[in-house]
Amino acid sequence: MNKAVRDAGEAIRDIHDGAVLMLGGFGLCGIPENCIAALVKKGVKALTCISNNAGVDDFGIGLMLRQKQVRKMISSYVGENAEFERQLLSGELEVELIPQGTLATRCLAAGYGMPAIFTPAGVGTEIADGKEIRNFNGKEYLLEYAFDADYAIVKAWKGDTDGNLIYKETARNFNPLMAMAGKITIAEVEELVPAGELDPNMIHTPGIYVHRIFQGKDYQKRIEQRTVNPRPLPLLAG
Amino acid sequence: MALTKEQIAQRIARELRDGYYVNLGIGIPTLVANYIPEGINVVLQSENGLLGMGPFPFEGEEDPDLINAGKQTITTVPGSAFFDSAMSFGMIRAGKVDLTVLGAMEVSENGDIANWKIPGKMVKGMGGAMDLVASARNIIVAMMHTNPKGESKLLPQCALPLTGVKCVKKIVSDLAVLDITPQGFKLIERAPGISVEEIKAKTAGKLIVEGEIPEMQF
Amino acid sequence: MALTKEQIAQRIARELRDGYYVNLGIGIPTLVANYIPEGINVVLQSENGLLGMGPFPFEGEEDPDLINAGKQTITTVPGSAFFDSAMSFGMIRAGKVDLTVLGAMEVSENGDIANWKIPGKMVKGMGGAMDLVASARNIIVAMMHTNPKGESKLLPQCALPLTGVKCVKKIVSDLAVLDITPQGFKLIERAPGISVEEIKAKTAGKLIVEGEIPEMQF
Amino acid sequence: MNKAVRDAGEAIRDIHDGAVLMLGGFGLCGIPENCIAALVKKGVKALTCISNNAGVDDFGIGLMLRQKQVRKMISSYVGENAEFERQLLSGELEVELIPQGTLATRCLAAGYGMPAIFTPAGVGTEIADGKEIRNFNGKEYLLEYAFDADYAIVKAWKGDTDGNLIYKETARNFNPLMAMAGKITIAEVEELVPAGELDPNMIHTPGIYVHRIFQGKDYQKRIEQRTVNPRPLPLLAG
């Protein structure tokens, strides 16, 4: 069941204007850099992007925003992005803000064939406007629907040609959820190995959810907030 | 003297109990990690998918794949575990996280909180805050008692769009520690040198003062 | 001659397409794995938590931690993955499994299936069958055309308690291949030497016979 | 956050008559053998057991059935167990049969703080009797509630003293789901290591879900259906 394709260009070849995309990552951590670059190059337009964040001005989904390829963002936090703000205020860009856990669980629902889920997040706030509220055991919950995305584009650490994926550290975040949720799922990985080389006990995303996979290149992995502690002084040798 | 941000964090840290799993929000709450009392073992949850968050890395050891919910480079402690965002908010919703500490623009006397949106300003989003306040069993707010104009942020009801309703259990401000009770804000402690009268004057919501109110010790 | 169980499995295997993810039920369906056509690459899903099920182990290499949904010792093939039962049924509900093959006691002309309970007998349970039939996009039933008393198991409507409704797409019995259509059971192929008249006589539900019905080749 | 206890007896010390237990495993694969033995020894009675299966006459939950410790089984398939059948027919034992995927998802719901989920399993069957049915996008689903169990008792392969768990192969099955779903979760493992020795990328159950953990002993790991292929003839050396 070889799902390997050559590169990002081949992986995204059929993504069309107006498509609904899910893009993995949290901030700039674990984002599908190669596919974003290929989407910018392809110039596909009027996209709806479901992604926790919208990148920064010159990286991540920000690169697509700069080319005015995005019509609507569905995110939990859109952070610092001047071009994003300009497009939003001018009405070029539509934004739907969703609580982060709701965003995650609506992906999970799609991947697990559950049409809707209940969550308390947003009860009593404007997020609940127009939504169905239901009381279970004295607590109120909103009914929230599974996402329906044409493509999920995710970034993993290692993958095999059958599409099995393993993520690294907090670069996991939304990636496995979105991988399960796309009608077509495209995975880019730092290291692509033949089927059978990954430990089947340690697969985060089974290959059944993945349709195309390729080994990405030139990962920048930009850090948004570089926070460090001073290195302790070296011990002086006697 | 009103508390510094560091002192607010230090005071909140005294609420930690051994064995707690804790989620610390961005800003003052993050500082709480620096004041975990000796002999108290807590595990920090970061809602982007980590249990067992450690301090910032040493310079040169930053790992771009290892960040916290504030997108800061961090480290892990022994016994840590990574997971996806659905499991992360799953454990929050299921009440497995014992304590959430977060900032607020306004808190009302019944425990409503507003901390995500100011009408007329660019709205960046609620991130995980709505999930946390709707789900956590114990929520402590770290905040300034008044805004820069000197107006109280502890209100009869919030004027700003809400993040969650009837969820805050305790406030540690620069002036006081207050519990949210069915009767309103109940004053528990004063910042050193801050009078009950000053706290009364700067609390717009209903304030309950019973007996002698002790001064915080640092 | 009516088909043997092996031949039923062999005939069903011709429905496999390259790239299919397939769930095979207990009994005849399990035998389908022995007849996967050359050049066709399929991955077997076992709903207890495995993609990439391989053949039975060699004697002495049985691993008690590695079983299929029928609790038989098995092996894995390269590219396999283990997961929990929620993900397993999640991928089934989400339609990621292309084909499910299972046995049945009765099938009705509108595709209802009964295969879990006989009133008056000890009921062992439905296991994963109700999830599979409610969720799978393509369900083929492997069954005998009649019960031991010679009564048809292809009925206008099921008499036994249902496992699922309007879900079966195709039946491969010992006598025939039939599609479930809005008009009823549509005869597609006959077992070698079995006449259309015999199939008609042994099909209690509405049977559609259009044109010449080819005989299966083995 | 050391959660290690000495043995199964200490781990189950406070389980009381009438408790609702979840027990991991599929058939006899991945069952908490040590805890079951301790429950039999303790003689606690009138239990409700949520478990995919009910063991066999002389192993697994069958050992508890034999001592008449179980009042109610909630399972998807109760298999071959003569004593089970006798108790059921005599009315000593109550059984609630639930589709396997529904069983799994009701555990997941509990672990993820979702009060209820929607599943198509059982629509149009007697399982749907008295249940709320809802149509989403033209397909009908049943509303099913999260389980509410006092204790979850699971078996893992490896664990650390912080309660992080890793399962082996198909012995995973319901274990990670139940581990998330219990008010108190007890884990027995084949190998218990100090916190920090397991790869944090490869944890199946994060320790936050686990309250007590111990290293089990004398695992029998009985096989229900021993199926083998004949070993190919050895090649004759030239």
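Letters A, B, C and D mark the chains in the order given here, with residues in each chain numbered from 1 onward.
Note that in this section a contact is a pair of C-beta atoms (placed from the backbone, for glycine too) under 8 Å apart; a residue touches a chain by one contact, two chains touch by 3 or more.
Bear in mind the structure is a predicted one, so any value in this text is a computation, not a measurement.
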If I drop subunit C from the contact graph, what connected components are left? one piece
A student comparing C-D to B-D should find more C-beta pairs in contact for C-D
Which chain maximises the distance between its CA centroid and that of subunit A? C
In whole angstrom, how far does the Cα centroid of subunit C sit from the Cα centroid of subunit D? 28
If you average the Cα atoms of subunit A and of subunit C to get two centres, how far apart are those centres in Å? 37
Report the inter-centroid distance (CA atoms only) between subunit B and subunit C in whole Å. 56
List, in ascending order, every residue of subunit A touching at least 2 other chains. 105, 112-114, 119-120, 167-169, 200-201
Considering subunit C alone, which of its residues make contact with at least two other chains? 82-83, 86, 89-90, 92-93, 135
Work through the pairs of chains, note which ones touch, and then classify the graph as line, ring, star, complete or other. other
A full list of chain pairs that touch reads A-B, A-C, A-D, B-D, C-D
For the complex, give me every residue of subunit D touching subunit C. 26-30, 52, 75-79, 85, 88-89, 97, 99-105, 107-108, 119-127, 157, 167-177, 204, 221-232
Sort out for me which residues of subunit A touch subunit C in the complex. 1, 110-114, 160-162, 164, 180, 194-196, 200-201, 203, 206-209
Considering the complex alone, what residue numbers of subunit B touch subunit A? 46-50, 55-74, 82-86, 88-90, 92-93, 112, 122-131, 134-135, 161-166
Write out the stretch or stretches of subunit B touching subunit D in their complex. 19, 21, 41, 43, 45, 51-52, 76, 78-83, 86-87, 89-97, 135
Where on subunit D is subunit A touching in the complex? 105, 112-120, 136-137, 139, 141, 145, 166-169, 200-202
